[in-house]
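Two complexes are shown next, each including subunit A; its partner changes from subunit B in the first to subunit C in the second.
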Partner chain A sequence: MQILSRIPQLLIYGVISGSILSLGGIGVSLTYSILGFSNFAHGDFMALGAYIALGLFALFTGLRIPNTPFGPLSFGFGFILSFILAIGLTALAVVLLDRILFKRLRRASSIILMMSSIGVALGLRNILQFFWGPQPHYYIEKIQLARVIPGLNIRIKPDQVFILIVTIIVIGVVHYFLQYTKMGKAMRASADNIALARVTGINTERVILWTWVIGAALAATAGILAGIENKFITPELGWQMLLSIFASVVLGGLGNPYGAILGGMIIGLSEEVSTAFISTGYKPAVAFIIMIIMLLVKPTGLLGRRR
Partner chain B sequence: MESLVGIVNYIVFFAITAGTYGVLSLGLNIQWGYTGLFNIGIAGFYALGAYTSVLVSGPPPGPWGGRIFGGFELPFLVGLLAAALVCGIVAFLIGIPTLRLKADYLAIATIGIAETIRLVLKNESWLTNGVWGLQQIPAPLHGPIHSGVSNFLHGHPDLPAWLHSLVAKSYNWFYLLLVLVVLFILYLIVERLVRSPWGRVLKAIREDEDAAAMSGKNTFSFKLQALVLGAMIMGIGGSLYAHYARFICPSVFKPLYGTFIVWVMLILGGSGNNRGAILGSFVVWGIWAGTDFLTGYFPFSATQAASLRIIIIAILLEVILLWRPQGLLQREKRASEIPYKRS
Partner chain C sequence: MSLLTGESINSGYGDMEVLHDVSFHIEEGEIISIIGPNGAGKSTLLKTIFGLLNPTKGRVIFKGNSITGLAPDRIVRLGMAYVPQVENVFPSLTVHENLEMGAFILTDDFSDRLEEVYELFPILKERKKQRVGKMSGGERQMVAMGRALMLDPELLMLDEPSAALAPKLAEIIFERITAINETGVSILIVEQNAKESLKLADRGYVLASGQNRFEDTGENLLANEEIGQLYLGG
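Up next, the complex of A and B:
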């Protein structure tokens, strides 16, 4: 009974960590379907975004840009501004990386691309570690008290509500983009068959550019939200979540962004609920086992199509 | 003279480590170089081999520490073979759900198993002593060699200082010999295998899996065999490491770092070429050791220097992938002249 009474609370945590995994997963899924490889650097794009936000926030604090907390939240204008600018700068950095590296490997096999993304992953993480060190850095050091939702015996912090709202808005924007804009439709066409998309006159290089921009922007968002949720960031932030993100993407169906959202939620919930029964240290292993079971039962994932 | 002996001792130490990496690189060469399997969980098999070997041939649990199981003090060779066996079993279990699917799934699953192995090593103190690791790992024939050497040094007190410090490190010479013998035996086995009809099927799968399947080969089974064999060799590498380092803990086997450097070794040396695999391990380990000296000249902290070294290796990988994807030594023969097929 003791365990069962904790479950509603764990479900809340699960939805929050599921939101972050979903945002990371959408980018992995888009890169996979359009560029044709599993991007092992995606977790480190998340960390990059989180650190750019940290740097900007420190800069703005130095410039005396006000950061009086908004209502019950633990941060204000200065942090939100760093958040938004960090998303843009991360996208810019990733596009630059594509120009320097991935663009030259467009015709290489998917395995070569995967391998080079591993190089990028380690390179990026160690660049962050070089400048900021391996120790945790805090956005805001003040501890925020959780509010009790009356009647349900659930505690939730205002910052966590912020994470959920941001996730819902971002997923809504991505959905609108993919379904209703011209570029979104071109992206979906390229995901189905990039050669066919090219002969129908779609500028696939532009599609690839937008894929990186969206993937990186979502990664930065996920990284910063993870920083808000955990209260600190380390250069390993993204890497530690990468396995869970991959598990989410495979679970939902590799290459389907909606599958990534569904998979992210399921993995997030299972990881958190599992802590009622087994050691917290095994969270990534829980994700991994769910993924292996999915591969045995239906390798195309929950929302995947036959390929 | 004294400093020269220091250099010689360092080279022996260097060669032991490089040789151990050579074993890992050979294992990866079977998987990637000959069969085209993308295993990025090398560090997992390396760690699993090391821990298995220590649990089989290491000392029983001491009065302190959390471990309550393992340490059967069996001979080193038994530990080595057990390491190979356990790694083979784990590779088999990973191969079954993933080898029928695209390469990405194997990649994700191998990184997953490496991470899971690390978590188990960290959390299951009853077996692994958790983050504190396992100590006092017996080194093969260390006792007799050590006492022989100290008897000799006692009997010859008038040795010149340089000879004294050279002789004092005799055990490292022995271990180097051991590593090189194991490496050579594995090299002969792998060379023999890849030139057999079995090996030709692997190469056919690497070049064009569909065509190999059309020729009536059960490609799944061949890929599974290659994955298992490669993982067994990696387990042997882990065992060789553990009994030389004599102390292992989960943080030694950093998931991506251990994996990554072996990949750079194989790709630089030339995947699909066993001599290339071994050459690459010595060259890359040389670069790695060289960057250690290099970063020493700059006013960086230890962690900054470590990061910088990894950045250098990462750039090296990208440079190889961009400009010399075939590595230093090319594949000896190609089944087809279409090197990279976009899947």
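Up next, the complex of A and C:
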């Protein structure tokens, strides 16, 4: 019974890790369905966002922009500002990357695109390592104490509540965009069938631009949130999560952004709950096993459709 | 001046030439049916007209201007719409969203046009909030045609609109095609269901092995014994 009593706490960790996987997964899913390839660089977009935030935060601290913590959180205005600007800069960097590289490969096969993305992944990670080194960098050095939720035997840190709230807001905005804006609908249409979208007169180049912007913005958000949760970041941050993200996307149904959210939550929860029974080192294996089972039972995923 | 003219078109996929020296013309207000056996190049012809394939020889002229080699998203702005044979709807979008996507290039209000399309297909108005992926083949075909009509095109090209439909549904689709034509849209239709499509056509072409074999009014083609034996199943 010792094990079972730990489960509510692990569910909290699972939802937090699931939030980060979901945010990463939406971009992978959109890139897959609209551009037609598995983007191996997506994890490194997360790391890029996390490092841009780190750089901006150091700059703002140097400029004496105040960072007095907001209420119980461990950071304040300076960090939030870095967070928001890093999202925009990451999106800009990824759009530039598209202009320089992926745009030239628009008609290339998915294998060529995938291989190119592996090249981008290695390149980005090494650039980050070149500037910041392989060692961990800390967003916030101070240790935050967890609060106990009375009666539930659950401990949660204010920063973790922040992560959950940011995730809910961001997913709400993405949902609104996809369902109610013209570009969002065109994005879903292109994800369904980009050839038909073109024949219909939809400006698919603009759809692709928005796909990168949204994917990169969500990746940066996920990377920074992962940094807040772990307290530190390394250039490997996103790459290490990429397998779990791919598993989430496959589980939810490739090409369906809502599937990526659902899949991310399930993978996050499974990985964390598994630690009650097996060693923490097996977390990626849990994601991998779930992905394999899903591929065997229903290759289109939970929310996927037949092609 | 013809609405659309094809002049000695050669076209195909990569090195494989499917169409050899095909010529045709469509006048304003006509329904033209192109019939022929499987693999005759009917779909290839529509794809070539719409810029999905580039002809290796010949020209496509729409409203007096050459559109040869233009991309589909340019051609659609000139007043031509195309409904592919398969995968012609966005399944995860609702009926209403599919029609909205048809009007993507319009920046002003298109609600009047939407009402006109719903008038042509009343069932779509009833089901406007339904996801198209869950609809029947006949309903999907209506969504596909409605989507193509959103820009009020002068020419509508349909690739086998009755394929895989029960006879009764096919009949409804053909009846709607006539109704669309009566609103002033010229129609180019490619069909396996040759008899039915020739009945509603003003003129028809018989395509075989990538070549234009016959050209006549729909009635005359139906009455022609040779065509009857070769292409209409006796």
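Structural remarks
Throughout what follows, the second predicted complex is superposed on the first by the 307 of 307 C-alpha atoms of A that agree within 3 Å, B and C clash if a C-alpha of one lies under 4 Å from a C-alpha of the other, contacts with A are read in each partner's own complex, and residues count from 1 in each chain.
Convention: a contact is a pair of C-beta atoms (placed from the backbone, for glycine too) under 8 Å apart; a residue touches a chain by one contact, two chains touch by 3 or more.
Keep in mind it's a predicted model, so treat the numbers as computed, not measured.
When both complexes are superposed on subunit A, subunit B and subunit C sit side by side without a clash. In the overlay built on the shared chain, the residue A:188 is in contact with subunit C alone; subunit B does not reach it. Touch criterion not met for A:4: it reaches neither subunit B nor subunit C.
In the superposed three-chain arrangement, the CA centre of subunit A forms the vertex of an angle with the CA centres of subunit B and subunit C, and that angle is 90 degrees when rounded to a multiple of 10.
In the superposed model, A:199 makes contact with subunit C only, not with subunit B.
Touched residues of subunit A, counted separately for subunit B and subunit C, are more numerous for B. Of the two partner chains, neither subunit B nor subunit C is touched by A:63. Of the two partner chains, subunit B is the only one touched by A:107; subunit C is not.
Taking every C-alpha of subunit B against every C-alpha of subunit C after the fit on chain A, the minimum distance is 7 Å.
Residues of subunit B touching subunit A in their complex: 36, 38, 40, 96-98, 100-101, 103-105, 107-109, 111-113, 115-116, 119-120, 122-123, 256-257, 260, 263, 267, 301, 303-304, 306-308, 310-311, 313-315, 317-318, 321-322, 325, 340-343. Interface residues of subunit A, counted against subunit B in their complex, comprise 32, 36-38, 40, 101, 104-105, 107-112, 114-116, 118-123, 126-127, 129-130, 133-134, 239, 243, 246-247, 250, 254, 279, 281-282, 284-285, 288, 291-292, 295-296, 299.
Contact residues of subunit C toward subunit A in the complex are 50, 52, 71-73, 76-77, 82, 84, 87-93, 97-98, 100-102, 104-105, 133, 147, 151.
Residues of subunit A touching subunit C in their complex: 182, 185-186, 188-189, 191-193, 195-204, 256, 305.
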